[in-house]
């Protein structure tokens, strides 16, 4: 039987960890669904806001609070905005893998997914000179064969599963991958994203609501000693009032002396150092249903 | 003509009843719609959070407030997570029937539905040693033939109808089934659930809003002497801040000395003991429309 | 050119009017879309809550505040719940026309719509002994031929258009019909309604939000000397906390000494007595687009 | 590589600019999608509310605060409501181009789009005597060929892109067009619009939420020295309480002495006067994905 992930100890006096991560999807999230979206000048400009305006604004927030973050960057974002992606690295943050064109991996064979993984890595390495050690699946949708592909390529960690409040060692054959779980309620897409004929029903929430919701979850995860992973998209949360709400949350979290605020790579290394027994996540067996 | 259900007296000094029930759908809610969802590692992990993390957290909340609850468990959840389901029983809570794979029963023949009912009962009995006496239809969608099927199998109560604030004896041929009504506004699914390509538009509400809404309804139902039945899904409300909001509501409800807080089976037994005249719920007659 | 409706004077010291109207759709709103919804026992019970529980609760609220209201009742609701409909009349309220089975009238010929109008009137008259003088189109969707049909049948007023804050005389050939406008933001359906496989995305708002929104609009309409028409569905707003929020609003409105709170028939009679010049509402001319 | 738009200096002591713009879609937004919507009397009346009631109310608000605004008017709105459109001009506001029938331009050839642009201009000029110098694409959806079409026709500015907080000179061949960016969160459509069988899921937000969200964004954009462009539709925000919320925001913005509140044409002229280097916005190159 699948067993729950156990709480992990945190460095020093920390009782919990917090990481403010960013998915720099930009145009790729739309183009992967339909290349024809490239024909939409306004929609493309909506996505371009992310790297052009959102990322620089976010980098300033992170610098003001002296914290490091992880930016999951589709390869195509690096091709289209190399200077932006290099600026992230220059500021001391981690660049991690997020597909090449933010491809929906569901239904792809291992070979097809492998080719995309390699193309994404190559693009990031070419632009930044660094091979990523972290991965988050586009659409947050991992295939059952994905962990093996990641392990084969030397990735240290994945951040696409949702079955725990704590990171764990995910068993992959005889080896393992650090898994740092996420959740839909800690994503800005559902709160803010509206792009006609692509995503959203028109619901656009106020940063006041979103900031409150994210802080409530932070407070509750802190009480659990958990690993709080927030995900923002610069084309959404890069907007001024949303960035202000995010900074307000960052400021609050950083004001607490028992929270380890860092990028996901650092968390993964810490977890790897704990020597945890790998945990199996089992695929539902069709003979049972 | 169909007549309204009358208010019922409550034990001792209680002016109303309140029950915090849980539907432990886990993977089954997705698999019933499409077995292919089993291929989605991340989505499956999102559902697994319920039994793995949500249920233990909820059990602790219930223990802290010394109340008993009813957990509606699809048979497949018991097959996949037997230890989790047994832990619910060990903590003194009621396990009730919720289909085998959370099957949509609408459109099924009585024979098809009967087979599912029996398969679900067998799974629960095999894992816990106890035959359930309560039933809640998956999707909260009862067929007109369902009450007879439940009555034939010795069920004491159902909790899937929505036409009253009070429980009643639902006439089933010459006999009856206790009905404990529910309502969509007292369900966490509509407030919190987002699973791409399965459920939800992306709307994810804050526990602040949800807790307020549920408390308003509790206060108003208490004033009516009604039976307040809240339904939470551990894969949703098991998340830390939602669990905290639920606990805050439980704490408030338990602080009042005129509320009978218990599991649905106890409410059903109480209602059965009142000897109420069975109430007919009449199917609309097509010759009238 | 179509001209705006002008403000109207109100009786005595009133600066505005307010009417709390109810659409008693019950099962008919679902059955009109698909007779097969009759097979859904739980969904039907959700709709039955309206006449069985919602209407009596609402009648008590209106009685406590000594105000009269208009209940738009599909003929089938009167056939299925004659005692409930008679209780509305007995309490001094107005029964008005809302189709027979809450039929979507869009696309129907004048003959087809006429037959439905007559069937609805007959059902209401048979149950209550009174012919309705007011009409609200099911789905709030009037055809351009509808006003003539209503006028031919002696209706005094309609309440299905949305182009004004004030009632007016709607020109119908050489005669006219009083029109009392409504608006989607003053309807409880969008705020509260969720019925799987029929209506709603799952969004269910808190009465706290809804009550605030409706009060803001009341305050603003009062300042305009307008006619505030709120529409509630007993199967939705009949729920305890929503009814409490409605009562809170009713109580506030009734506490003001410059608001004329009454049923729509009384407003229509008042408007008719003003001898207003009929206003034309012009269909868009396809040669212009 | 595409570079971000730089901040621009504002006149005098202003640190930012704010413009309250209006899209007077009325019936055209529905008719463009399906001419058959003309058959829907109630839906047409819902749209007619905009010019008939919303525009006069909004004009009074603007007059009370002594500010000028830009009204984007589809040609057909001018044909159907010439007096309303002239009243906007008479009050000193700017009329700008918004298509003829609010046509979705996506997928149209340059020739087809050109014909619509000319038809819209002709309609506005015929009714007001003035040729518009500003343009906002219907649906906020510009084609990549649109800027050239606008430039060829002598337009000074466009307001349909979303990739900046500041206006800029958009390179168009050897010349340029002033671009004044907008964003979905500063549009009332997503917050308020519900028209069955046309737009919206039923979500209708309270002006309390909307006003707060828009003010948060204003405060944050002011801190950035940005150009705040709010868009309201008179058929939506013309309703009393929404207009009151808008006025509350206008009042707040106007109370600050470092905000330049004006219409978009004035902002465009100011920007043109700065002699900025045109900025290229590059279409994604399919060979990269």
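In this document, chain identifiers A, B, C and D correspond to the written order of the chains, with residue numbering beginning at 1 in each.
Operating definition for what follows: a contact is a pair of C-beta atoms (placed from the backbone, for glycine too) under 8 Å apart; a residue touches a chain by one contact, two chains touch by 3 or more.
Which protein is which chain? UniProt says A, B, C, D = Polysaccharide deacetylase.
Remember, predicted model here, so these are calculated numbers, not experimental data.
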Touching subunit C (Polysaccharide deacetylase) and also subunit D (Polysaccharide deacetylase), the following chains: none
Angular offset of subunit A (Polysaccharide deacetylase) relative to subunit D (Polysaccharide deacetylase) [C-alpha, multiple of 5 degrees]: 90
Copies subunit B (Polysaccharide deacetylase) and subunit C (Polysaccharide deacetylase) touch via same or different residues, half shared test: different
CA centroid of subunit B (Polysaccharide deacetylase) to CA centroid of subunit C (Polysaccharide deacetylase), Å: 35
Distance between the centres, which are taken as Cα means, of subunit C (Polysaccharide deacetylase) and subunit A (Polysaccharide deacetylase), whole angstrom: 49
Per-residue overlap in subunit C (Polysaccharide deacetylase), given as positions that touch at least 2 other chains: 201, 203, 209
Chains that touch, pairwise: A-B, A-D, B-C, C-D
Contacting residues of subunit A (Polysaccharide deacetylase) [partner subunit B (Polysaccharide deacetylase), same complex]: 1-5, 106-107, 137, 139-144, 146, 160-165, 181, 183-185, 189-191, 193, 199-201, 203, 209, 212-213, 216-217, 219-221, 223-224, 226, 281, 283-284, 286, 288-289
Interfacial residue positions of subunit D (Polysaccharide deacetylase) with respect to subunit C (Polysaccharide deacetylase) in the complex: 27-28, 31, 35, 38-46, 48-49, 52-53, 56, 76, 79-83, 100-101, 192, 194-196, 201-209, 239-241, 243-245
